[in-house]
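Below, subunit A partners subunit B and then partners subunit C, in two separate complexes.
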Partner chain A sequence: MKEHKLTSHFLQLWEQYAQQLEEQLPLGTLRQTAMERFRQQGFPHKKLEKWRFSNWMGIDNHEWTLNGLDTGTSTYQKPGHPADAYFINGEILLDGEGQSREMVQLEGGAVRIATLSYARAHWPEKFFTHFNHLNGQKESLYGIFPLNTMFVARGLWIEVAEEVELSRPLTIVYDVQAVPDGRFLPMRSLWIAGRGSKAEFLLYERNEPTKHHFIHHVHEIYMAENAEVQRATLQKYSGKSFIFSAELSAQLAESQYRRHTSTIGSAALRNELHALLQEPGVHTNLSGLYLVGSTEKVENQVFVDHAVPDCESFENFVGIAGGTGRGAFTGHILVRKDAQKTQAYQSSRNVVLDDSAWIRTLPFLEIYADDVKCSHGATVGKLDEDIMFYLRSRGVPDREARKMLLTAFAAETVEVDAEEVRNEFIAEIQRKLDELLC
Partner chain B sequence: MENQGSLLSIRDLHVRVEDKDILRGLSLDIRPGEVHAIMGPNGSGKSTLSLAIAGKEGYEVQGGQMYYKGKDLSEMDPEERALEGIFISFQHPVEIPGVTMMNFLRTILNKHREYRGEEPLSGREFLQRVREVATTLGLDHLIRNRFVNEGFSGGEKKKNELLQMILLEPEMVILDEIDSGLDIDAIKTVAKAVNGMRDGKRSFLLITHYQRLLNFIEPDVVHILVDGKIVKSGDKRLAEELEARGYDQLVASVQQ
Partner chain C sequence: MSDSDKIIQEYTTREYEHGFVTDIEMDVVPPGLDEEKIRFISRKKNEPDWLLEFRLKAYRTWKQMEQPNWAHLDIPPIDFQSYSYYAEPKKKPRYKSLDEVDPKLIETFNKLGIPLEEQKRLAGVAVDAVFDSVSVMTTYKETLQELGIIFCSISEAVQEHPDLVKKYLGSVVPIHDNFYAALNSAVFSDGSFVYIPPGVRCPMELSTYFRINTKGLGQFERTLIIADEGSYVSYLEGCTAPMRDENQLHAAVVEIIVHKDAEVKYSTVQNWYPGDEEGKGGIFNFVTKRGICLGDRSKLSWTQVETGSAITWKYPSTILKGDYSQAEFYSVALTNNRQQADTGTKMIHLGKHTKSLVISKGISAGRSQNTYRGMVSIAKNAVHSRNFSQCDSLLLTDKCGAHTFPYIDVHNSSSVVEHEATTSKIADEQIFYLQQRGLDEEEAVRLIVNGYAREVLQQLPMEFAAEARKLLEISLEGSVG
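Showing the complex of A and B:
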């Protein structure tokens, strides 16, 4: 098998920093095990089945070095966007006022947001029940998963107490600032929604627009019985950064999960969503929008695992590519043998604006139960010329007509309840469309 | 050459669509305030004429000229033709998923106002105006929370074209088979809307297969279009004659 240049590079980094990382976040044998798995798998390359469309060309031109090993010396600015908590460079947690904290309590203690090392030190039992429970299951799949566990020292713990219903959505900003080019930033976020809890989160992920970073963020999301979680994310990374973002979720009985992410560009960004429907009565709704232009590449890899009966899942993904932008969607639905009465729906609709842009979409249904309702639809096309003509014949100029239709096409996936937040997402989408249409 | 005093002047127009010659030397002059009707059998080139005037891609003008207010239409984009005051109601209005009626109507109205150097309407003024017009057309239930033409019946789509016509206040209105598929009550609503717009200055071109519509909207001139050419023109009695004798007989008598 072809060896990726970065495999040996990261193994060297490991030799150099393993001890220091373990001092910052003691993980016992987990790190060592992950390293061994990474050594076996290597850094993922294009010959692998689910990496065929992941063109991370140029990622091996950088001598990635670890960020966040020196602590306490830098000062951080509170980002301009109002939020309940800010998480900076994968290492510093600020409260809503911009004060540095190790733990922030919100809504009268119903929600606790803490640094990973704080959670590790104060709630070790709960920490080890959840940490790497989901990512660990993926570590034999591709080397990209153990890479996170090997190097992670920083991250966030977000916990919603049992039986609480939040009165408002909570906002968290993930920011990367004053980090030099060429840095590798591994992060881990653990989300724990207690039994019967109901919470909504708005997430903003960004780094500085000209930076070369390799950001590797794994979210492990646990929803207990009857929990209801909504997460809406706006991803806006530099057109020069490489991003790997995994969202691994597991849902217990009768829980509901609604997830949306709008992705605006990036040099190469791969969203990896793995939803495990672990107990009956679960509802999962995954939606995503991706806009790519110039030389950007964005990919959504979705895997929905119907492990038990009586669950339903919905996937709705929309892509728009201009310039020489590249987009890809792969939707794998697995309905296991016992998962009768499963309902699973998938839709992937895409528009390419220029002949040099492309989007690949690949539905993949693997069904072993016989009493199921599954459907999927995938399209890649251009804007409807008859509709364009209709708008122009009513006095709307060509470019504005395109923007109007693309906004409508994109906005339909933006599943965010709060009107003003939805408008904020759409304004960001329209800014990107202006860039794609010029 | 354009005809002085005409709002729309078409000279010896030849139009080809998908390698097929559809219009073969059509000429037409419409003066301000006039109502013309073009009647013709299926395939005679009626819709091609309206789409060529609108400037749709694929409707290649092979010869002849079209002048509107003295300007050569071939040098104008579709949006410019619209903003200059040409409104065409299409035979098959498209559905626009994701674009709400309100957003659409407000955008097109304000585009026209901006072009005419007028201030955009405030949200309240706009709403009031749209409600008023929609109510007269019986469309008030379709302007809230609906996407343009999506799920509209055939008649509702046609009325939605008229709603836009009334809002945009064009100078040259071309209605392409606005009566097709409509029952008599709907035709009366269409006629009422059109007659309400007649002010002695605004011109109309009604393209229709049947004489029925002309019982309610009285034309000044009626033209018969056959094989891409106007073979006969006359006053409203020509439409009645056509209704009585049918296309075949009328065409045969012209060709003799």
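Showing the complex of A and C:
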């Protein structure tokens, strides 16, 4: 099979930087192993079943260079959006005031946000228990996973102490600014929710609107017994950037995880969610919204692994495609043998706005236990003509009526509790809808 | 052991009732495949040069291809050189009237419940019986001829209606379509040919019965159905094979062409030998079936009841090319013991205002794996198209698997596609309710499953519905989970 052009390119980059990377974040054999795996798997190509529809056309037109090593530390500004912590260019951690830090403590020390190198140096045992534990399991699956371990030097460590309940949602902004075109930015975020903790995070991910970047972000999310974690993300990337974002989660007994991401475009973005329901009594709720226009492509790959009995999972994904945009959803629920009393639901609803737009949805169920309740529903359609007629007959202009209906359709999935944050998400969605409907 | 376990065990140890072997002298070509063997088959069938060329081209294409492995199936390595690719009864293979038919063959088909004797008019079905590689008998030919309907074996059609065969063969399933279709195109032995002239409504069901008898034989039948403008036909297909320890290969191709305003109903009851309870033996059923709704307002309806075969790889599909054309797919797939099935459909919408419906019911028992894999694709120009798919799976034991892999692709803004699927076991409450009303557990399950599959079974023509129901019941006797 013809090898992807980027396979040899990244192997060359590795030759060049391996030593420097290891100096920044010593990972021992992990990097070397990842490199071997990447060499075997190569950069994912379209012949792979789960990559058949990932149109990353044009990604190999760039000679990607690694950001943040020989290029020197970039100049940065504190982003305008208020937050508890900022992570700039996959390199620098700022506190809420915009001061560069190695560690930020919040909620009276109950939450620690640190750079990976700080965590590696100060809590090595904990670091190596968690670092790459989930990603490592995926490294033999596709070359895209080891690629992160090979090149990651910076990232965040977000830890919530045991038995604490946060007083408010915490906000983290991942911002890429003043990074030249053609840069590859590998990042890793480790989330550790202690036993019985309860936390909510609001995340903003973005780069500058016209930049060509390849951002590769892996989140490893660990929830201990009885932990409750909510994460809501607004992804807003340039229509010229390539984004790979993996969210790998593992949940222990009775823990609860709620996740929402609203994706507003990008040249090619792939969210890869792998949820491992590791112990009984786990509840997982994954939702996502994607809006694509012009030549954008957004794909959500969701894999829910019911490994044990008595767990529940819900998936709710909504897509809106206009222009020549492409949206895709691949859901895969695996109920392993003996994972009895599983309840798993999956829903994928989509609207196609233009005849050149394209929606693809693959809601898969793979079930090896009999005492289960699993279902999925998928629809691809247009706006309800009767409702449109109702609105038009009451004097609402066509465009307004469509926007109204689409906002309602999209807003339903936005699972954010805080009213003002929810409104902020919806305002972004409406801005994108304006663009799609013109 | 609980009652239900006992009943499950009873079911899983039940033997395959069509497993007998007919002791009849056969001319079998030695195993293996090369160009010489293909020339031999072609010579044996006295085929024109263009068909030999078609076969050779297919063979060369096939040699370049790899066996597909994307399905959710665990296929043991197959040595394609170990199979024999042609066998025919030693005695005169084709018969003008029933008197000439080898009594052993009549007995075989009678045992299978297939009426070759035309006096069994009550059945009202015209039958083409295919025994290993050749068609032995086609009934009711004259009656059909009066209406201009051609119903004969494909070998006969090659001789008598070469223009039609040449025009349509490979037009829906091209040689290079897939590995098994290429193999079939190279070595296909026999099968049915149906042509319904414009405006004719075929007065009876047309039926083909396939029987693999000879050991170590691959069966590669080829069926070609053409419904000309405004015509209608209902076609049925059934299949059985003896019990043998080794796996036998069956790779058929079915092509259906539906012209303007015509309608074709295609039904299958597939009951190939599924292998024993440890998964030894059984038929590998790798089938490519595809129809095209070529003209406007044409309609194609597939109904399948799949209970047999060790491994099933089968996706009866429809290309909806004509505007306002319609397609339906109804399927019940039951797997037991170590059977594996990966089956479903493809609905490819190309014409405007096209509609398709998919109803699939999977039932898994024993240690079997049952997969629905389907695709609905709506092209940019297929404006105002509509699809609804429903794929339900029922699990009867905790050792089996039920999987649903739908692919939905929509390229325009005026079409609507809906898909829904559920997977569950029979609820205890349902069984309890029926038991309260005096049914035993087994009857309750049978009733529930029959109701579950009813939507599909009622699509079958009367004669087949009865057979299918019987088949399901035999399979269901006791399979309580």
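Simple rule for what comes next: the second predicted complex is superposed on the first by the 433 of 438 C-alpha atoms of A that agree within 3 Å, B and C clash if a C-alpha of one lies under 4 Å from a C-alpha of the other, contacts with A are read in each partner's own complex, and residues count from 1 in each chain.
To be clear about the criterion, a contact is a pair of C-beta atoms (placed from the backbone, for glycine too) under 8 Å apart; a residue touches a chain by one contact, two chains touch by 3 or more.
The model shown is predicted, which means the values in this text are computed figures rather than measured ones.
Chemist: Assess the superposed three-chain arrangement around subunit A: do subunit B and subunit C clash, or do they fit?
Modeler: Result for subunit B and subunit C: fit.
Chemist: Could you read off the angle at the CA centre of subunit A, spanning the centres of subunit B and subunit C, to the nearest 10°?
Modeler: Placing subunit A at the corner, the angle measures out to 70 degrees.
Chemist: Just checking: does A:Arg431 make contact with subunit B only, subunit C only, both, or neither of them? Give me first, second, both or neither.
Modeler: Neither partner.
Chemist: In the overlay, answer first, second, both or neither for which of subunit B and subunit C A:Leu353 touches.
Modeler: Touch partner of A:Leu353: subunit C, not subunit B.
Chemist: Taking the superposition as given, does A:Ala378 touch the first partner, subunit B, the second, subunit C, both, or neither?
Modeler: After superposing on A, A:Ala378 lies in contact with subunit C but is clear of subunit B.
Chemist: Looking at subunit A, does subunit C or subunit B touch more of its residues?
Modeler: Comparing subunit B with subunit C, the partner touching more subunit A residues is C.
Chemist: Go through the superposed model and pick first if A:Gly395 touches only subunit B, second if only subunit C, both, or neither.
Modeler: In the superposed model, A:Gly395 contacts subunit B only, not subunit C.
Chemist: Have a look at where A:Met404 lands relative to subunit B and subunit C in the superposition and call it first, second, both or neither.
Modeler: First partner only.
Chemist: Check whether A:Arg168 is in contact with subunit B, with subunit C, with both or with neither, and answer first, second, both or neither.
Modeler: It touches nothing on subunit B or subunit C.
Chemist: A:Ile387 contacts which: subunit B (first), subunit C (second), both, neither?
Modeler: In the superposition, A:Ile387 contacts subunit B only.
Chemist: On the combined arrangement from the superposition, state the nearest Cα-Cα distance between subunit B and subunit C in Å.
Modeler: The answer is 13 Å, the least C-alpha separation in the overlay.
Chemist: In the complex formed with subunit B, which residues of subunit A make contact?
Modeler: Listed in rising order, the residues of subunit A that touch subunit B are 384-387, 389-398, 400, 404-405, 408-409, 411-412.
Chemist: Would you pull the subunit B residues touching subunit A in the complex into a rising list?
Modeler: Per the touch definition, subunit B meets subunit A at residues 54-57, 77-79, 81-83, 88, 90, 93-94, 96-99, 103, 107-108, 111-112, 115, 164, 168.
Chemist: Write out the stretch or stretches of subunit C touching subunit A in their complex.
Modeler: On the subunit C side, the touching residues are 70, 72, 378, 380, 383, 393, 395-425, 481.
Chemist: Under the stated contact criterion, what part of subunit A meets subunit C in this complex?
Modeler: Against subunit C, subunit A makes touches at 49, 337-338, 340, 350, 352-382.
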